[in-house]
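One chain, chain A, links the two complexes that follow: it is found with chain B in the first and with chain C in the second.
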Partner chain A sequence: MKRILGVALGILTAIGGFVDIGDLVTNAVVGSRFGLSLIWVVGVGVAGICIFANMSGRVAAASGRATFEVIRERLGPRAGLANLSASFFINLMTVTAELGGIALALQLATSVHYLLLIPVAVVAVWLVIWRVKFSIMENVTGLLGLALIVFVVALFLLKPDWGSLAGQALAPAVPDEETGAAYWYFAIALFGAAMTPYEVFFFSSGAVEEGWTIKDLIQSRINVLVGFPLGGLLSVAIAACAAVVLLPAGIAVTSISQVILPVAEGAGKLGLAFVLVGLVAATFGAALETTLSSGYTLAQFFGWSWGKFRRPAQAARFHLSMIICLLIGVAVLSTGVDPVLITEYSVVFSAVALPLTYLPILIVANDPQYMGGHVNGRGVNVLAMIYLVVILAASLAAIPLMIVTGAGS
Partner chain B sequence: MILGDLLGTPVFDDDGVRLGRVADARFVVDGVPPQLMADARLLGLVVSPHSWSSFLGYERNSLTQPWPLPALLRWRHSGSFLVMWADIAMIGDGSVRLRRGYTAYSPALDGDGQE
Partner chain C sequence: MKTPRPLVPVPPVAGRTLDAQLHLLDRQVLDNDGVPVTTVDDLELSPPGSGPEIPEGTPAPVITALLTGPILGTRIFGGRPPSSRLIRIPWKDVADVGVVVRLGVSGQNLDADWVERWIRDKIIARIPGGSRDPR
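Let's turn to the complex of A and B:
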């Protein structure tokens, strides 16, 4: 019974923890401009993150090493440092976006200007990282994040023309008023949002934090293979809500209030209350994960002791580096730059950096000296290599498309 | 000197012909352990004609997955060789010169590279 509860809890937190500010914004923007014609990318991205999160979890359980320790060992100091610089920069951008997201979500709930709420958000994030146990932190934010299911509820209450939605999804075409370049630019953004590298840094480090062994792999596999796709369905619902309400009205999403507008229309005040809770939980949970990921990547590269399972005094540099990251995030946000804009850029830059994370994981997952008998099977390798080609193509095309489309505008 | 500074240094033979760059340093752990583990002893340098990027672990012949990565990485390092420390005439500032009549060994490691 306890085991079933554990599995259920794991799945629920994986669903609730899947969506972050990147998924929220990108899916809503895409839904409001392209309908469901890009929704296949969410499927591709979710399958990809399932494969690689699972692999990184297995590497962590079999070798006791988290992802950036693996990157440092396999790539060596020089290429490893280049990798760290890129990954860390993008992660910092995501931290900033998530902090801004918390403040924007709180602004919707309180009508206080978001810049005044940023200090509240940052102190709360830091306190949780400093004091709260890893498993409690994960479970609470994950479960509250489930409130975002209201997007699914709202979609049904909006009584959309299901046939037309299915048509957009199943026979994707570039809408008349959009260009092909913009279509593919947002395809890469959606892919980057679904596969953000921090998820793998966090997932594998979390496996070490929670002391996984090979025996725990079945449960983690269920969490990933059931939880992530259901979390992906939330992303689809966000896009579908935008496609039903905002696309016909000609509103292209540029703010968080527009993201939740369809929920207010479909599910009323109660729906609004749920979506606000879900929004705060999702961005707060992701802010914790990205901030921790900054600390994890730095500490794992430089060989500092790390982890929430250690007392802060025993992992001083790990905690100090996270405080500095949070302060940098605050400094960037206090210039008044739009957090939604930071989010849009962060998901595209995530796509650029994808191969840096996923190639080393794939190589080490095939190395018997790390993995013993738990190296990748042939089927996983075939899928992973296909994804590596897709990832590489997305990574190379991202910047040129960004320039051609003027960042999708 | 720091070993990291040596990586990427151009390597020349006795006649001044450029052979490639230092891609790796090969160590062996043998001898009588002074305490817990024997000290690592520098066996020689791996010289690669095309690239001094890492072999990413594929110098071990036992690694064959995932296709086609091993083949690609080995192709990138084709023509690379291992020279023993005794065959190195001089490690200068920004260049390494080998002795006349040096022996080029295969850089591959059989099995898991443990022996």
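Let's turn to the complex of A and C:
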């Protein structure tokens, strides 16, 4: 019974924790401009994150090594440092975006200007990282994040023309008023939002935090293979809501208030209350995960003591580096730069950096010295290789498309 | 210019052969309590002889210490720091080499951990709750 509860809790938190500011903004933007014609990318991205999150979890459980230790060992210090610089920079951008997301979500709830709420958000994030137990942190933010299911409810209440939605999704075509380059630019953004590298850093380090062993692998596999696709469905619902309400009205999403507009229209005040809770929980949870990921990547590269399972004093450099990251995030936000804009750039840069994270994991997951008998099976390797080609193509195409399309505008 | 003589083949050794590049460099170092200390940033070998000429029959160099600290920068960007600037973990403190390098001593007293201790004592331990067990 306890086991079943554990599995259920794991799945629910995986669903609630799947969506972050990147998924929210990108899916709403795409829905409002392209309808459901790009929704296949969410499917491709979710399947990819399932394969690689599962793999990095297995590496962590079998060898006790988290992702960035492995990256440094396999790539050496020079390529490792280049990788760290890129991953850390993008992670920092995501931290900033999530912090801004919390403040924007709180602004919607309180009508206080978001710049005044940023200190509240950052202190709350730091306090949780400083004091709260890892599993409580994960479960609370994950369960509250489930409030975003209101996007699914709102979609049904909006009574859309299901036939035309299905048509858009199943026979993807570039809408008349959009260019092919913009279509593919947003395809890469959606892919980057679904496969963000921090999720892998966080997932593998979380496995070490919670002391997973091979015995826990089945549960983690269920969490990933059930929870992530259902979380992906939330992403689809966000895009579909935008496609139903905003696309016909000609509103292209540029702010968080437009992201939740369809929920207000479909599910009314109660829906709005739910979506605000979900929004705060999702951005807050992701802010915790990205901040921790910054600390994890640095500590694992340099070999420092790390982990929330230790007292902060026993992982001093780890905690200090996270404090500095949060302060940098606040400094960037306090210039008044739009967090939604940071988000849009961060998901594309995530796509650029994807191969840096995923290739070393694939190599180590095939190394019997680390994995013993738990090396990748042939089927997983074939899938992973196919994904590497897709990831590489997206990574190489991202910057040229960004320039050609003027970042999708 | 004299062509170098072909190298003598490696003599057979008892026990496990470790590849310095593959099994030692960039591996995580844990102390005797399993607490991470550092990563193996470089290795120090004993000098094979005093002069530039290495006479026949000189014993092969052995690893004297794991190196850490600023040496990492020189491994990335090149160059060599003076010997006095190296932070060493003597090889005799190494207890086991697997997917991690385990030490037989506590990290608390190692020079390699002084930055961690400094940040702990001067900053982190002074913030309220910094010494509280999260579990």
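One rule holds in what follows: the second predicted complex is superposed on the first by the 409 of 409 C-alpha atoms of A that agree within 3 Å, B and C clash if a C-alpha of one lies under 4 Å from a C-alpha of the other, contacts with A are read in each partner's own complex, and residues count from 1 in each chain.
Assume a contact is a pair of C-beta atoms (placed from the backbone, for glycine too) under 8 Å apart; a residue touches a chain by one contact, two chains touch by 3 or more.
Remember, it's a predicted structure, so these values are computed and weren't measured experimentally.
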Open item on the list: Looking at A:26 after the superposition, I want to know if it touches chain B, chain C, both of them or none. Which is it: first, second, both, neither?
Closed with: neither
Open item on the list: A:316 in the overlay: touching chain B, chain C, both, or neither? Say first, second, both or neither.
Closed with: second
- [ ] For A:107, decide between first (touching chain B), second (touching chain C), both and neither.
- [x] neither
TODO: State whether A:77 touches chain B only (first), chain C only (second), both chains, or neither.
DONE: both
- [ ] Examine A:350 and indicate which partner it touches, taking first as chain B and second as chain C; both and neither are also allowed.
- [x] neither
Task: Which superposed partner A:294 touches (first chain B, second chain C, both, neither) - done: neither
TODO: In the three-chain superposition, say which chain, chain B or chain C, touches more residues of chain A.
DONE: C
Open item on the list: A:375 in the overlay: touching chain B, chain C, both, or neither? Say first, second, both or neither.
Closed with: first
- [ ] Once the two structures are superposed, pull the chain A residues common to the chain B and chain C interfaces.
- [x] 76-78, 369
Task: Complex contact set, residues of chain A against chain C - done: 63-65, 69, 72-73, 76-78, 80-81, 130-134, 299, 301-306, 308-314, 316-317, 319-320, 369-370
Open item on the list: Quick check on the complex: what are the chain C residues that touch chain A?
Closed with: 25-29, 35-39, 41, 68, 72, 75-76, 99-100, 115-117, 119-120, 123-125, 127, 129-135
Task: Complex contact set, residues of chain B against chain A - done: 4, 7, 53-54, 56-57, 62-63, 65-69, 112
TODO: Report the residues of chain A in contact with chain B in the complex, numbered from low to high.
DONE: 74-79, 362-364, 366-369, 375-376, 378, 381-382, 384-385
